[in-house]
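These notes open a run of structures that come right after.
In what comes next, chain A is part of two complexes: it sits with chain B in the first one and with chain C in the second one.
Now for the complex of A and B:
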């Protein structure tokens, strides 16, 4: 055998193992602690990037507030009031200091606290993202698995065709098509116009269906392809051959030994998609007129609403970090080789 | 074709009485893939309950196709035809999917080469076995659990309750193969197909598994078809043998008949290619120059107190611990050891592909651990490496000539001059220079390794470090590559560090041999002295474990030592080998032995070295 130099996994004595364990944290806690620390570091870097980025763009809040017909003196006074002519590092440190106290600032545009703006919109975006992910998993994963099971047959060809269509169609085109089809097929269905969950739960769910389909169906295409590839890879593994050689049918072998081992890459993709959905929700939020984070980000960018934009960027970063952690934890559950199990 | 004695109808009757009924019978059996010519042709093969039939063949001989056909698991495009093709009385040629599924596991089962891959990585091994027990014996709950433990016990897995709850990656290679065997036996099959079941294992573990195969034959009364490219494995295990070549059986019969009195040229050639322990193939051209000792003149390599540790999952793993050695100019130093012994890590540090955690590396008197820039480049040119798989040195997307220009260009040799040197070394390794414009995949495995060697020597290095260079090759090709390596070494006045798990190969090529265990050097000596009178108990265990190609050397079924669980003491105070050593005493567990000189050029790290006569 080609030695890697590292011994087999059980390369240790009992005594050494005990000593090692007495000092070290339990592997899972240590793992999570490490990831959280790393996430905080990423957020810190991101805060610098966000701060720098919004100031790199032409124009500033004072210009927007003062309006296009204002004179230079008014703009200067406004800038002075907003603290925009202090040194950048000082502005940054002040912002960071307030952040650490949970103060995200106020929108210069409408005077509302940033936190409140986000709180109003985040549930809508998250609801949409979750619903879309559920839709994509519901069709993508089984379709991919069945396509792999029936590789080269009709179902496989159909699933691959659908997946290709899903990947090739821009989300908003798909969304518009859905709205058209729905309004013809079920005229009473609320196709456009969003109702918050707190106002009317049923109407809210109804109004989420179409956007979730519009986002989730194309995303499922990616999952379908990943699941199919991953399953086909698993089919070539010896343990599936072993299962067959010990008298399992192809279906039994797939259910018992295939799905779990094939799901690793799919979990990663689904998790990152969910994070991506929050980031990319702007397109679909526009088509379906949903007040969400995507809209907030774009509007604040156009209005040069520094504190809102910065908070939104940080929020998106946070979503990515959390999803990454969740993905890793799921990996820990499905694959015993990940992390230090004994 | 010679018909096996046991397949002669008159003989069959008597055999039936002596051995069990036939569990596999095929006559005029053919396999064809698509429209290609038959890849298995006119094979006659019988396996009876209670016997082991060895199927010897090199890669591509069709031996695995035979096994997969017995399971009905050949790929869809394969087409089987046979006069008779019966497994446990069922005609496989006529069986439908349902009948095949019923047959698999309950009548016929298989053990694969790579037990790591053959077990589901994300399921506890006890559950995997339990699944098969439930499927074929309908046992549930406690009864199923007991059946699983009983199976593990019968394949000699220590602490079955504990092991059943582990995942495959937590077991050593040998235990994994035992678990795979338990899995195969779980449905109480009557025919067991074992496809290269020991090829991926270390030699001491291989010996254990081969012994287990014989135990399984007797205790379970199954018929075993043992497929292997390794004649030693077959010679030590099988009752009858069939030799396969290019899809045909060229010879078959009782193991003694075939291996001691071969009638076909092919079998004779195979037997002749096997490097045998105890037979010294190495010829030094200039004996007067003091052989391979490093004592005359300054050594080329000096390694002092070299260690390498990794942090893995919060634990420190010492891959190499405190290794010191000297390699003389023009010497071939063999390094042997099991997987995980640290030999490959050592090789990587020697060529500076890896940095030591501690210790000094010197070449030509200069410390090269710190070389940078130009001097490092010069060093890289002087030290080359050849890997087990040529993919390690040949980019599959580059033409051979392009790959070979690289090391030359690094030394400032380009254009026509480079081309001349390339043609020269290609001719030297026996590859026609006019094929240099081809891509690597157009060459056979042996030729690719020849090209990898040519690439390594093109820029006239001083040292070549070879990491298992022949392990992936068929025996007949391996013999040729070994000859080539020796020839090149002498022609180019090279120094080799030759790393291998195969003792016979190391013996065939080395002047001196170093044995490693758990990251330490346990013995180092001139090749002749080491193989004639091994002093360390691990070296002895290694030598004893090598399966001899002579079936008469078969060990009497002696007391089986406990299986190697793969635990290597990490921070033990005493000798690293104490847990497995037959000679271990309390002193061994308390105090680590230092490497000390036994006689000129022979050093061993053992408190109670085996004496020179080799008695225990």
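Now for the complex of A and C:
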């Protein structure tokens, strides 16, 4: 037994792997099952964190609800009604039980059900996220692939410069600059403000263009970098050399063998970026005054609206976990070797 | 097809002997890295100088009214005045102190704490490793801006809180990098032989592992300083950074966004300062990372 990890490599892990495999499910099912279980575990911890963090906030929703001129008796009655004076574990379990029944509570700020607040805003955020992802893939992936193909040439340098700038630029500054440029170049363009799709589809699409660019262009920078590195690695592989030696042109070899093999790490990064979009969308929703989940999260934090904040944190965490799971599965489709090795 | 198109791709390299070619390539690359790091360092020195020296030279205070509101840039007010008539250039410089010092302090703190976690996980055995890395993964499973928002709301937004929060958010990257390198190194002969001779783990970490991991830590320091500067400005853009009257770039952008079309230089000034600082750190990180790859 090695108490520290500094000893010679132990054979225990190999043995454990063999034993596990003898009684386990088929590798693919086991892989997926393990991933789902891990996601659920993270979600559970996340729920405790969401609950605990919000309880740490200064101020008490009963005081906020009752207002600054209320008397102690009113506040106490409100706290009683909201269940705020029960033990924390009991409050947590009650909250979790209600969550599992689909009851996310009521906003103490405007009395609306949290579920309704989220339902109203989620489509806006999803639309923004989807549009931004499309923008980022549209420029990041081809730019990275072409840069790898033309390594060291002008295009490569330009793409790398653009990617560097994209990573260094704060998204909200970029967003504000886009508003500025649009207001000078096309004064009639609806640069700030949001129109729901159901109200006016054309206006909605118009008002999504700038936020999607603001969010998607910097996002593509990471994709571009990973695509480039990944493609360059692929160019050094034997199968590509074989393809070239058997008479395929560089472009043919790239399209037939390169892209698929290079896209594994890129998909991973794309998925993680999508999850990271959560943070940036908070900023962009603020720049362009879009009523989305990010704005709801910030406002609820400021208004000490416990139940809304908890629901938002859980929702954002859930998005992150599901994205990770989806990334793993897509990775598996692209490169079947992944499932066996983990 | 008789000729492969690839062979014609690099005729120059074929003519030179391999050593000459690779040496020349390394030299060329070395020169370019030098330029990148030098430009980055130059930018940062410039930003620090502007932040700490310029306000002493200019005859305005960052918090006192110095002229008419929204004056355009001219000889007296280099970047005009803001909505209350305060000199914008001096405010921009003083705000730089906040952003630059938080970025530096936050990332140095993250370096120390994250590397400690990484070393502990790398040499501390399976259970400690699983526990620490589990915690790090959990920390990574939160969007960092959201974590920052929540923490700042809980613990009020003072400079200390901001530094603490931002260092906790950037700690996982240090921990991961240091641990990964330790796991690689601990199987190598020089570490094994030290271990067999009975050297204590703590000594191994300080004498054998640290010198080998240090360059990686420095690269990550520059990278996370760039990220911390962006996060800090994002928090203060949302109104959760250092509170007025202390100026900060993020808040200045948020405030001048309302006057975007009439006085665009306000947003462009603060945004530009922010961008230049983050580019400065980024260039340094990038340059170090490339030079490390060519050396090792």
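As a convention for this text, the second predicted complex is superposed on the first by the 295 of 342 C-alpha atoms of A that agree within 3 Å, B and C clash if a C-alpha of one lies under 4 Å from a C-alpha of the other, contacts with A are read in each partner's own complex, and residues count from 1 in each chain.
Everything that follows uses one rule, which is that contacts are C-beta pairs under 8 Å (C-beta built on N, C-alpha and C of every residue); 3 or more make two chains touch, one makes a residue touch a chain.
From a predicted model like this one, the values you see are computed outputs, not experimental measurements.
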Would you check which partner chain A:271 touches, where first means chain B only, second means chain C only, and both and neither mean what they say? neither
Could you say whether A:313 touches chain B, chain C, both of them, or neither, answering first, second, both or neither? second
Of the two partner chains, chain B (first) and chain C (second), which one does A:46 touch, if any: first, second, both, or neither? second
Touch check for A:257: first (chain B), second (chain C), both, or neither? first
Contact-wise, after the overlay, does A:287 reach chain B, chain C, both or neither (first, second, both, neither)? second
According to the stated criteria, A:218 is in contact with first (chain B), second (chain C), both, or neither; which is it? neither
Would you sort A:237 into first (chain B), second (chain C), both or neither based on which partner it touches? first
Could you say whether A:245 touches chain B, chain C, both of them, or neither, answering first, second, both or neither? both
Where does A:30 make contact in the superposed view: on chain B (first), on chain C (second), on both, or on neither? first
What part of chain A is shared between its chain B contacts and its chain C contacts? 2-9, 244-245, 247, 249
The residues of chain B that touch chain A in their complex are 71, 73, 101-106, 109-110, 112, 114, 117-123, 131-132, 135-136, 166-167, 169-173, 180, 183-184, 186-187, 200-202, 308, 310, 312-315, 317, 319-320, 337-345, 348, 388, 467-468, 471, 501, 518, 565-572
Touch list for chain A against partner chain B, complex: 1-13, 15-17, 19-20, 24, 27, 30, 237-239, 241-249, 256-257, 260-261, 334-337, 339-342
Of all residues in chain C, which touch chain A in the complex? 1, 4-6, 122-126, 129, 137-138, 141-146, 149-150, 153-154, 156, 183, 186-187, 191-192, 195, 201, 204, 226, 230, 233-234, 237-238, 250, 253, 257, 260-261, 264, 267-268, 271, 274-275, 278-279, 282, 286
Along chain A, where are the residues that touch chain C in the complex? 2-9, 42, 45-46, 49, 53-54, 56-58, 164-165, 167-173, 176-177, 179-180, 183-184, 244-245, 247, 249-250, 275-276, 278-280, 282-283, 286-287, 297-298, 301-302, 309, 313, 316-317, 320-321
